[in-house]
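Take a look at this one; I'll ask things after.
Each chain carries a letter (A, B, C, D, E and F) given by its place in the written order, and its residues are counted from 1.
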Amino acid sequence: MLLKTLFHLHLSFLLIFTSQAAVQDFCVGDLSAPEGPAGYSCKSPAKVTVNDFVYSGLAGVGNTSNLIKAAVSPAFSAQFPALNGLGLSIARLDLAPGGVVPMHTHPGGSELLLVVDGSICAGFISSANKIYFKTLYKGDLMVFPQGLLHFQVNAGKGPALAFVSFSSPSPGLQILDFALFANDLPTELIHDTTFLDEAQIKKLKGVLGGTN
Amino acid sequence: MLLKTLFHLHLSFLLIFTSQAAVQDFCVGDLSAPEGPAGYSCKSPAKVTVNDFVYSGLAGVGNTSNLIKAAVSPAFSAQFPALNGLGLSIARLDLAPGGVVPMHTHPGGSELLLVVDGSICAGFISSANKIYFKTLYKGDLMVFPQGLLHFQVNAGKGPALAFVSFSSPSPGLQILDFALFANDLPTELIHDTTFLDEAQIKKLKGVLGGTN
Amino acid sequence: MLLKTLFHLHLSFLLIFTSQAAVQDFCVGDLSAPEGPAGYSCKSPAKVTVNDFVYSGLAGVGNTSNLIKAAVSPAFSAQFPALNGLGLSIARLDLAPGGVVPMHTHPGGSELLLVVDGSICAGFISSANKIYFKTLYKGDLMVFPQGLLHFQVNAGKGPALAFVSFSSPSPGLQILDFALFANDLPTELIHDTTFLDEAQIKKLKGVLGGTN
Amino acid sequence: MLLKTLFHLHLSFLLIFTSQAAVQDFCVGDLSAPEGPAGYSCKSPAKVTVNDFVYSGLAGVGNTSNLIKAAVSPAFSAQFPALNGLGLSIARLDLAPGGVVPMHTHPGGSELLLVVDGSICAGFISSANKIYFKTLYKGDLMVFPQGLLHFQVNAGKGPALAFVSFSSPSPGLQILDFALFANDLPTELIHDTTFLDEAQIKKLKGVLGGTN
Amino acid sequence: MLLKTLFHLHLSFLLIFTSQAAVQDFCVGDLSAPEGPAGYSCKSPAKVTVNDFVYSGLAGVGNTSNLIKAAVSPAFSAQFPALNGLGLSIARLDLAPGGVVPMHTHPGGSELLLVVDGSICAGFISSANKIYFKTLYKGDLMVFPQGLLHFQVNAGKGPALAFVSFSSPSPGLQILDFALFANDLPTELIHDTTFLDEAQIKKLKGVLGGTN
Amino acid sequence: MLLKTLFHLHLSFLLIFTSQAAVQDFCVGDLSAPEGPAGYSCKSPAKVTVNDFVYSGLAGVGNTSNLIKAAVSPAFSAQFPALNGLGLSIARLDLAPGGVVPMHTHPGGSELLLVVDGSICAGFISSANKIYFKTLYKGDLMVFPQGLLHFQVNAGKGPALAFVSFSSPSPGLQILDFALFANDLPTELIHDTTFLDEAQIKKLKGVLGGTN
């Protein structure tokens, strides 16, 4: 009889906490529903399976057959919606020999880099314009505080692999060169606000598809 | 004339701040609308009445006619939607003589227990595996930091009553025994990850309705 | 060939980060969509233009032809939806000679006042019932911590102009006199909870349109 | 041999996590050390005992032998330092027959009232100047959103008892009458910013000890 | 007798809330004490006066006799310690004819610009590399979301004046040119991570005092 | 002359922002100074070097010569103080063949697991007592929402390596078996709050060094 009573207790607890999606352990993003300042709307818990919590999109080597010989593959909440609301995300970084992740910022989060293979020269610049950079080897960690300019360069002769974690499910990414030279921001305005020579600006606009 | 002017001022303030639901003093949860990481969507302020801010669901004694001789009645945002977005909630705890709230955690909030009647032995275990427990009497408070295992046991001969406040409108509740033994987590996996004997696991699965 | 490759890189980055509105730099409020505890739903990024980020509603002098000879014009997220989710807002404060912003609070944010023209006597009262007030001149700043009663009075002979910034896109505004005397809160209840004489209460109810 | 190895594992885990106070499960406030925006400094974990987590200061009936026939006894982080950093607190409210908690605000948190004995008429006023009030009975809950004016009045013939939880360890308390009339804020300034008659102001200043 | 009792009540409230600095309405920064992730330690409330809450450092016109014909004068928590922990700050922006605030970011907060005099062409670049810019006139507001590159240029023939509010008491400031060219970051590394020509880099290093 | 002027501008910016540690880009933890609810006090920026931002403690293989054939090596703020205040951390997980990370929770953060080598069966249990588990292979990610019970088991024949990121610099770790059986929590109380048989409890206490 004790067993039966305990079983009833079990049922009553379940009734309390599963009707009305009462307990929000997680909020797997529903990318088709309204988005708010805190993230995506939640997929109905009844439709969530273990596959929502697993993502295999970073398993393959990124395609580094490009000028910078690098590939950045994000697993942010837009790619891996289970991260929505959970305060963290990750990306894979492949660097062929000579590969570079150009100077960039993440407006919405700090970054923690882990070198998995090869060696990487990485650094960031503080608001006091001080530069902090170092060559990192397999197993090394380096942290880049939120919103500051930073970069990564393959420092070895072979390929390098790193994973970078973020303190936000959607940290953003602003790559300096694309921000300045890959849109229709007028050359004169770029010159006035960066002191770069117009010839230099036009050269990079040509490469990156910028106009004006 | 002064009076009339001030009245106009009044109207103009009201116009500014009631058109467009401009001032979000509260966000009474609309359980039928999209939920996000920060909670439920807001019910239209125009439809909110004082009854939204009052909840009587904890007034009655919980049914303790069960094996653990205890009843936990939550007033979380799912039961009391006015709490949505306000950062706190509460639950009622009835303990018959011999009653126990088994070892459990609240993944999303700290808990503050207030003994209203009787006496309760309560405790929690820290990440450093140190146990903090004590017998509490009427009027005593005890705080259980977020996410740590804790329990409450009736320490007297009569019934005990307590109210527990939480630092979240939806703190969650994970009861250890139900988590381990009331689902289809394979016995072997439980054994491997808890070191409990298989016979022990199967006995509790039998009681709590677990399979595999 | 290098240029072409870099251009491809550019495209691939854009593909990653513009499909699915992957990077939430901002969340311009869609006032017609569901609102949650963290603010309004986001307008589709594809429909956002520079005009969403610009607001001219505070450019004109407020109408101070009223009893208090003052005008408060808010640019909160309800008026300027680009502020939604960004943690700040602003309002314009015009004070004719003799003008007053009566005792009030902002339940949801701290306030930073900047005197742009004229002089203003401003102050706040702490929880310890200590009064902090001072006459401010053009260019002076004063900060009013969240939720505390405060006021501003024109301290000069000409008009005064100030702008007040808030630490929330929707800080709220509760003006003491309107809260007490401009609704149907019964006179007796006001008397019991404020110790004000009934005659005083009825006089101000008459001015401000309160009933009961 | 297995046992011995597991024991070693145990030791190594403890070494990792107890040296350097590595895991911050809690931060019991050290009231004698520096305080910051997030609360008090933490007492050394090694000196923390179960008694830090238990507080008996609300067990006794408050002294209601005063004009308002009411007593408010807080258990905020200053009285109960274990609450420091945990995001919640509580207070006891005793109301003799005719007792009143005058109109007040908590600048730093929302409040959840639980009636334990008797009946209480409680209410709050929104930023839109709408009044929400109701008579509550034993077991009823009412929530008061952050920063808004609210009050509690004994609605029965006998004493009433309530406990109020807050969404902050240090929510603050600003009682309207004390804020206006119990300090040296000049009568003229009060008049100008509240429209109250000078005679009314001076009368209440007389009662509450205000000057000027 | 009633008055005397109420006065006693007053005293007892004061005793509760002023002993132990129990109510943290504010945390004026003590720049000489330990700083933590949430800001500076608090100055003792007993030593705080109204002058702590007032700052006149932005009253004067900034010195624009420099190459960029601009001056930025911050009132962050380091200059105006009363802002510590309150979630907002402000700066004054003076632009002589031809003046420019070069491309920069604030790693820790969003910015709301108010044009007080003259006209300003202002803009920001999103993570999707889209440019949002417009010429603003007296009274116009423009918001720049957290962490994104943005700039301001005097668009008129006379001087321009603006005030910029931030959603943080310490938003930081990273000016692109100083970050890249005013330190010892090696020219080769700048070239590799920005694609700028070495001649261009060395030219700007010469101007800004950079080495290597 | 232009150059000289710009250089002066540079100096004046540096003066503004480096005197008084005005811009808090980071707060490298000073483990010897007071700790607060938001983390450690900050090391003086003047003493911070690039080495503070780099950590090599996870480079080596953990010692899995123990009963669970597993090693967990944390890089939390206590081991890697640059993470203080930045909202993220990481740990290395080595699993020999047959290795297991027993059932545990992190009270203060969500976890994101990345399999670097081998295969791992990982899972978590929700508040609704639903089990989500799956076998993960090299390159797979799985996320474990904050505060929920979860585990990892080597699912292959060779060793497995994973790195786990957390949404907090100090997420905590409560291993179920150590919490229940490795301290002086009385056997009877464990029995009453977990329904485990006393013999089972005593057996595991024997292994893990628990008393009472």
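Definition applied: a residue touches a chain if its C-beta (ideal position, glycine included) is under 8 Å from a C-beta of that chain, and two chains touch if they have at least 3 such contacts.
Here's who's who by UniProt: A, B, C, D, E, F = Germin-like protein.
Remember, it's a predicted structure, so these values are computed and weren't measured experimentally.
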Minimum number of chain-to-chain contact steps, subunit E to subunit F: 1
Any chain that touches subunit D and subunit B: C, F
Pair joined by the larger number of C-beta contacts - A-E, B-C: A-E
Farthest chain (mean CA position) relative to subunit C: F
Whole-Å separation of chain centres (CA-atom averages), subunit A against subunit B: 34
Between subunit C and subunit D, centroid-to-centroid distance (C-alpha), Å: 27
Overlap residues in subunit D, where contacts from two or more other chains coincide: 17, 23, 25, 34, 36-39, 107-108, 123, 126-127, 129, 133, 145-146, 148, 172-173, 175, 178, 182, 207
Chain-chain contacts as defined at top: A-B, A-C, A-E, A-F, B-C, B-D, B-F, C-D, C-E, D-E, D-F, E-F
For the subunit A and subunit C complex, residues of the former touching the latter: 31, 34-39, 63, 65-68, 72, 74, 76, 78-79, 107-108, 170, 172-173, 175, 178, 182, 206-209
Residues of subunit C defined as touching subunit D within the complex: 100-103, 105-108, 121, 123, 125-127, 129-131, 133, 145-149, 151, 153, 172-180, 182-185, 189, 192-197, 200, 203-204, 207
Complex contacts: residues of subunit B adjacent to subunit D: 14, 17-18, 23, 25-26, 45, 49-51, 53-56, 58-60, 75, 80, 82-83, 86-90, 109-110, 112, 114, 116, 123-124, 126-129, 132-134, 136-146, 148, 163, 165-168
Interfacial residue positions of subunit A with respect to subunit B in the complex: 2-3, 5-10, 12-13, 16-17, 20-25, 27, 30, 33-34, 36-42, 84-85
